[in-house]
Structure formats: C-alpha cells, structure tokens
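I have a structure I would like to understand better, so I am pasting it below and will then ask my questions one at a time.
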Amino acid sequence: MQRSQSWSAVVPLSDTDVEASASPDELRDGIVAALTSDLGDGVVDSHVVSGDDVWVRVAAESWVAAGQALHRRGFTYFCFLSAIDWMPSPYGRGEDDPSADDDGDDTVDEMRSGYTGGDTRFQLLARVVDPQRHVGVTLKADVPEAADGSLAMPTWVPVYAGANWHERETAEMFGIAFIGHPDPRKMYLPGDFEGHPLRKDFPLLARMVKPWPGIVDVEPMPEKDEAAEGGTADDNATGETDGGATS
Amino acid sequence: MSALLAVEIPYWGQSLLRVLGGIVAVLLPAGTIVYLFLFKMMSFMQSRLGPMEAGPFGSMQLFAEVGKWLQKEDIVPAEADARIYKLAPIIVLLSTFLLVVVVPFGPDAYFVDFSAGVFYALAIGSVSVIGILVAGWSSANKYSLLGGLRAAGQLIAYELPMVLAVVGVVIQAGSMNLQDIVVAQNSGSIFGWDGVGFPFVLTQFVGFLVFMIAVQAELTQVPFDMPIAESELVSGYMTEYSGFRFLIFFIGEFATAGVFAFIASVLFLGGWGVPFSWFGWEGLDDVDNWMNIGGPLIMFTKMLVLTGIIMWVRFSYPRFREDQLQRFAWKVLIPISLANIALTAIVKVAV
Amino acid sequence: MTMLSERQQLSYIAAQAADARLNVELETEGMTLNIGPQHPATHGTLRIIARLDGEQVVWAEPSAGYMHRGYEKLTEVRTFPQVTSLINRIDWLGSFANEVPFILAAEKLMDIEAPPRAQHIRTILFELSRIANVGLFLGDLGVQMGAVTPVFMAFRDREYVLNLIEGATGGRFHPNFDRIGGLKDDLPKGWIDETKQVMKKLRRFCDEIDDLLFGNEIFQSRMRGVGVIPSDIALQYGLSGANLRASGVEWDLRRDQSLPMAWDKVDWKVWTHPDGDSWARCWVRLQEVRESTKIVDQLLDTIPAGPVMAKVPRIIKVPEGEAWVSTENPLGEMGYYVVSKGDLGPFRVKIRSASFNNMSIAPWVLKGVYVPDIITILASLYFILGDIDR
C-alpha cells in the first residue's frame, strides 16, 4: 500500500521540524519557497507534511499579499477562511465527572499554538487550492490585538470573492473585524447578538447547567474482565471501541 | 322547442330545469375531474394510490375535502380591500356559470339559443381575468400581486389565439350559433361519405391544437401556471385565500376546465350529436327526443377525454417562464392561427 | 482554464447589458420581495431578499442563519466518537458522507487506517448516500418548475436506497455508522445482491428523469443559458462539486487526492460540462448518479475479505496535531479542519460545508435574472439548508 506511507507521515508535533526536513516533498517545498520569494520576511514559519499537506504562517501585514501571491501562482480555488482561538477553554469540556479529582486542569491552562506556532491568541486560518496541480495550502496568520482588545485584519474579498461570507462568519464568531469588507453584517446571528460564540471564553450554557454524559459516565466493567483485559486487549478492541459513544 | 322528452313542461318548470342543469353542468364536471384526474390519474402516474380511505377507492374523498374547506376560517388580511377581496372568487365562479349557458347539450337540452354564441362564450370567458386580477390586487400581498399581474398578462395574450382559432370553425360552419355548429358537423359528409359526419377537427386540426393550448393557458394549468406557480409565487393570487373562498377558486378552476372542454368538443368534435345519417335524420328538427338524454352523456364523455389530456399535460410538464410564455403566444400561436384563418377562408371560397 | 464557451460569453454580455439597463431604469421605484424563510422553494428556512424592478431582480441576497446550530462550538465539548452523531445532521440527505471526512481526519491524526474491507464498504455507503441525495435533487428539480411527477419517482426510488442504508447501518437518515478505525458492523446477509438490484432500478430512474425532464423543451428553455457561472468566478467563490465541474473545471476530490477509500480501485468517469449554466449543473448531477451506480456495482464485486475494524484503543485519545481532510460529498467539497490537543475530543473543528460556498455566489449570479429564474438557479446550485447553516 503506497498510501499508508503518506498517512504514516503524520507525526507528533514535537518531532515536526526534524521530520519535515527529513522527508522532502518537492511540490510542497516548492510552494513554500515560491511564497518566500514573493513575500520575503512575510513568511514567518512553514510546516510540510510530506505527500499530504502544507501549512504556512505569514505575518499579519502580509496576509493580503500572501493571498494575492497564491492566487497569482495558480491557487485560484478558495476553500475556506476561519480562525482559531488558541486559548484553552476556561470552562473545561463540560463533561467532567463532578466526583473525579481535577488534577488535569493545571496542564490544560497554558496556551499552545498548533503547527507553525504562533504568538497571539487568535490566528486566522485559510485554505486555497490549485485545481491544476491538485495541491492545497493552509495559510495562517497571527491576529494582532490592539490596545483596547479589538482585533482587525485586512479583508480578502478583493482577492477571493468567496471570502465574503467566510469573513462575515469569522467576524461574528471570533470578533475579528475585517477592514475593507464590503458587507460587514452578521452572517448567522441576530443583529443585536452580543459576544462571539466560537471564542473559548464564550460559555456554552447548555453544558454549564447540565454536564454532558461523556466518557467518564460509563458503567464500570466487572472485576474479572477488567483484570483479564490487560492480556486480551487486542481481542475485544474491535467490538468495544465505541463504548464512549454508545454509553 | 319546449318538447323536452316529448312532455309539455310549463315555463317555471323549464326555468327550474335550466337552473338545476346549470349547476349540474358546472359542478359535476368539476367533481369528476378532481376525483378522476387530480386524485386518481395523477396518483397512478406518480406510483402511488391516491386517496383510499374515504369510501371505496377514496370516492368520498371529494366530500371530505369540501367539508374540510367549509369548516376553515375565512381569513381576510388586515391590509386587504375586504369587499373586493371577498368578491373576487365569486366573479371567477360566476364567469364559469355564464359560460356554460351557451353550450348545447342536446337538440332541446340547452339553456339559451344564442345566435352569437361563439362571440358570447369568448367574451364571457375573459371575465374571470377581472376576478383574478382583483384577487391579486386586493390581497395586499406581493406574491399575490405578481400572480395577479402575471395572470392578466397571460390571459390577455392567450385570448387572442383562442379567438383566432375559433374563427376557422365559424367560417366553415357559416354560423356563430353553437347549435348550428353541432348540426353542421353531424350532418356533413366527407367526400360524400357520411359515416362519421364531418367533425371540424379533421379540417381545423391546427385550430384545435391552438385552441387547446390557449385553453391550457386560459385555465392557468401547467405549463402555463405562472400566475399560481407554487414553487415561486406560493399559489400567486390565491395565496391569502382560505376556507370556502379558496374552495370557490378551486371549483372555478376545474369547472372552467370542464366548460372549456365542452366548448372545444362542440366546436371541433361534433358536440352532443351522433352523425345524423346513422338514424336518417335530415336536420335538427328530425332528431329524436332521446338525444336529450344521450347528448349530455356524449358531451360528458368528450369532456372527460379533453380534460384528461389537459390534466395529463399538467401532471408531466414543467412550466414556462413569463417572457417565454408571451413570446410563445405572440410569435408562434397567433401567426399560426392567422395562417389557418387565411387558408380556411381561401378553401371555403374556392369550394 | 478560463476559456469561456460561446454561450458563456453571450450570457455574460447579456448580463452586463441587463446591468447597464437596470442602472438607467432605476428611477422607477422597485419592490422588495422577501422569499422565505418559509417558502416552498427554499428547502428549509433560507431567506432571500430580492429587490425587483418589475419581474427583474436588481439585487438579491440570501440571508442564512435561521437554522444555525453551532456545530463547531458543540464539537469542542464532545469526544471524537460522539462528533459523528452531530455532523450527520449537516447535510441531512447524505448523512453518511458527512461522517467520512471527519473520521478520516481523526484517523489521519491517530495514524491508523481502516482495513480494506471497511474502506470498501465506506465507499459503497458513501456513494449510496450520494445517490439518495442527488436522486432527490433530480426529482425536486421538476417540482421547482411545476412538474410534480418526477419528485414522486425520486421518492419512490430513493426509498430503495434508504432501505439499503437502513439494512446496513440501522438508520435511514442518520446512520452514525462510521467509527474511527473502521465501521461498526459488517454488511448483513443478502445485502450485496439486493444492492445490485437496486442499482439497476436507479439506472432506470435516471433514464426516466432524462426522458421526462431533461428531454423536455420547456425544461431546456428554462435552464439553458440561465445562471451562467464562468469557471474563474466559480473557483474564486469556492464552488465545488457538480457546480464547479459544470463550469468546465475538471476537478473531483474522489479522483484527485489520495484517500484511504476505494474510488481508485474502480473504473469511473468525472463528468464536466463547458457551459456553466443551470442546465449544465443539473446534467452533470444526472451523470454523476449514473456514475455512482457503476461505482457501487464494481465495488460490490470486489469487496475484500477481512475485518471491518482496525485495532484501536477502547478510549480514543487523538494525538496532538492538525489535519484537513475533505471529500467529494453529494453537494460538493465537504471538509473538516480538525485541531487536536491530545484530548478525548477535538480542540477546534472548522467545518467547511459545500453549500455555504455554493450559496455565497448567489448575489452575483442572481443579478439581472427574472423572478422565476431565482428558483431554477437556486435549485440548480443545489443547497441543503443544514449544510449552509451548520
């Protein structure tokens, strides 16, 4: 199976730098190189998973230039645009067993960005595709926070007209204003809605009042089986994998 | 002429019979079309059974539907022009009753013997436009307004080909009296052979086609149902109507289909008559009295055939766009029917 | 790639002329028509605000959000196996196809792969949900234009497909059958023969629709040259699926990317059309249903033996990382950008649904058309409200 190789190229985050350089991918490395030559210092970081995907982080001021450069280089298909809030949710996952001890909480609270790193809490995320070469690029950019806490980024609409609705959605969900957007109304939410639902500090009230009966809520196994499980984990692995979902 | 069924009937009796006959001639076709075609034929065409619960094979479904509509609240929108709004369905149904008046169902079974019958029928047929237009306007609803305007534009556009298509028949029969047209068809002969009389559909086939297409448009049935257009205008001028006013619109729609099919069968298919040569009749006065019973049955059969075709088209075609419909009327149907008139006139004069 | 066909050019010129004419004529007072949120043509609660000049549209703007369910937020409080029951409901007519890209993304992050038998069955069910979905579209096309019969044919034959999906998964609409590492169960006995019979019926259904609708002159005159989308505009707006292929871009995610699915093991064709009008979009979809039945037929013959579930831990923890997987769903490209922090559930899931992009072109394409064309163009773009609002 050739494909299994490409899939096994997904590696733990800690090893990415080593792995990316170890297994060259001419097509995707070429994209990064081309983008670097277009934008210079605008390209902050990149991450190539060989044979699979490429991430490029650009500086906030190069966001539009990156879009233009990619569009010029054949990435004419606009896939999506969104954002990520890297702050860990202060409310947890809403599924914690109230009776369990809260040991895990301390480690969760630090903020870690994903591939290509990041310095800010919010990152823009966009994907464009070259329909000729069948290759896509995921772009990221840090969203700088102004002194008053407001977030603003330049709009992509002149480059990719399809970014219109995506930016409207991102604006209302994350509170990132898009400067120069032709139609900055709300996409889904009512006009007088307050708050930005996809921010991690926006509470999901349904989970606040009633914890989700999640994975911690399953019936315990009988004593005998649990003791034997260590030796025969492989045997019942196929049948029992969805225990969490069906509980 | 008062020798209906060879019995002398006093004037009040004749009047009563005419009123009853008018109601039957309007409501019976409407009910039959709805049950036979709308409920059953459409269902069979669409791989389903249709109504099966009310009565054997759902035959009582019609009464259930009428009962349902009569129970519903008669809602008038707050912004609507209430008087006109309430009047509109009556105008539509009234035009149907006025239309059926000129149709002859037998040698003596007719409502009025009107020498300009064709002219009257075509004129009265357009009255329903007024009802539809005011229904659309008075509903105070944008969809209804669009529907009403579409209906007005469409009905006027298709009035003309219908008139022109009938002119050929009038030229051939040499009369505008519908009774005379029936007699002309049944006492005629084709090159001396009088086995089937001479229904005008043979010579006026183009006119028949144009007439039926125009009828389809006049009835706002698919593919000419833009004024109703469920998927875009949400039933157009009928959007705001409910209860028995909607029922009246509904009856009007199918009753008019029946009446126009009556008129089409009179004009093109020989009407109530059988070829007179079969029984050795010379003219209208020789026709036996039993034709006053047989004639309506023959008419009814022909009406079912024609409405069956109308409904068949309705169930299988998508609809035109408004501009395409106008283009079709003005650029195709009217030139064709004009050419048909010219040809008919030339042949008539030459022969 | 941006070569326009003659028809496209003419339509484009006509659209520009309509634009110019509108600008001149705008002195008359227009009318704002509010189509929806409750309207028979909007398959749900989409609202379209159209400014009319007579029957011509000056501008039109869809207004979404009447059914926004916040799935992106909800995924953040679910475990990975639980997410599939949510995303089932995005495109509710092709539910199984919604699950696949998410499961693939999770598997990608976990670095596992479903066994070949599971891949095959996944592909078969994926194509069955495409047939159920697009088959209904083909019938619905008629209803949007007043032809009521095709939709009943579509419902009739879709029933067979839903029975198959029910037979294999237990659910007709929301199977929730896909698991990380494979499938919940194997196929029931007799399912393969049954499916082959149904595929024959569906090919006949396609022929019927081809005759009844696509061969109809009125249908053609309503669809041809209406709502033309040139390929460069289509790409810019991120149109995908049949909408993009109908604009002449030959791009199908089933063929053009390597996924652990079985599409590369069978012989099928990617249909495109050069015109980019409503007709082309519908025609491409019709061909795709036919193509899907062929795919299913071939896959049924070649299902390999083996388990349907890979060895995965009982409690699924997905390693830290980010993954993007998209597949060619019935409506177009459906993708999930999954960010995991090594927890039981995802940290962030960006759902890229096809209809959202497909509808975002509506203001552009509806400009200058007539009111009846709004309905046909929207029908041919084919959206499902859950797929716009998520």
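Note that the chains are named A, B and C in the order they appear, and that numbering of residues resets to 1 at the start of each chain.
Everything that follows uses one rule, which is that a contact is a pair of C-beta atoms (placed from the backbone, for glycine too) under 8 Å apart; a residue touches a chain by one contact, two chains touch by 3 or more.
Just so it is clear, the structure is predicted and the values come from calculations on it, not from any experiment.
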Centre-to-centre on C-alpha atoms, which chain is most distant from subunit C?
-> B
Sorting chain pairs by contact number gives first A-C
Can you check how far apart subunit A and subunit B are, centre to centre, with Cα atoms defining each centre and the answer in Å?
-> 66
Report, in whole Å, the distance between the mean C-alpha point of subunit B and the mean C-alpha point of subunit C.
-> 45
How big is the gap, in whole Å, between where the Cα atoms of subunit A centre and where those of subunit C centre?
-> 24
Show which residues of subunit A lie in contact with subunit C when the two form their complex.
-> 2-4, 6-8, 10, 12-13, 52-53, 55, 76-80, 82, 84-85, 88-89, 93-95, 112, 114-115, 125, 127, 131-132, 134, 136, 138, 160-162, 164-166, 173, 186-189, 197-198, 202, 204, 207, 212, 214-215, 233-234, 236-245
Within their complex, subunit C touches subunit A through residues 1, 64-65, 68, 70, 72-74, 76-79, 81-82, 84-85, 107-109, 111, 113, 179-182, 184, 232-233, 235-239, 249, 251, 256-260, 307-316, 319-324, 326, 333, 335, 337, 339, 341, 343-345, 348, 350, 352, 356-357, 359-361, 364, 389
Would you mind writing out the residues of subunit B in touch with subunit C in their complex?
-> 42, 45-48, 142-143, 146, 222-223, 225-226, 229-234, 315-324
Partner subunit B, residues of subunit C touching it in the complex = 31, 33-34, 39-41, 55, 142-149, 152-153, 156, 212-213, 216, 218-219, 221-222, 370-375
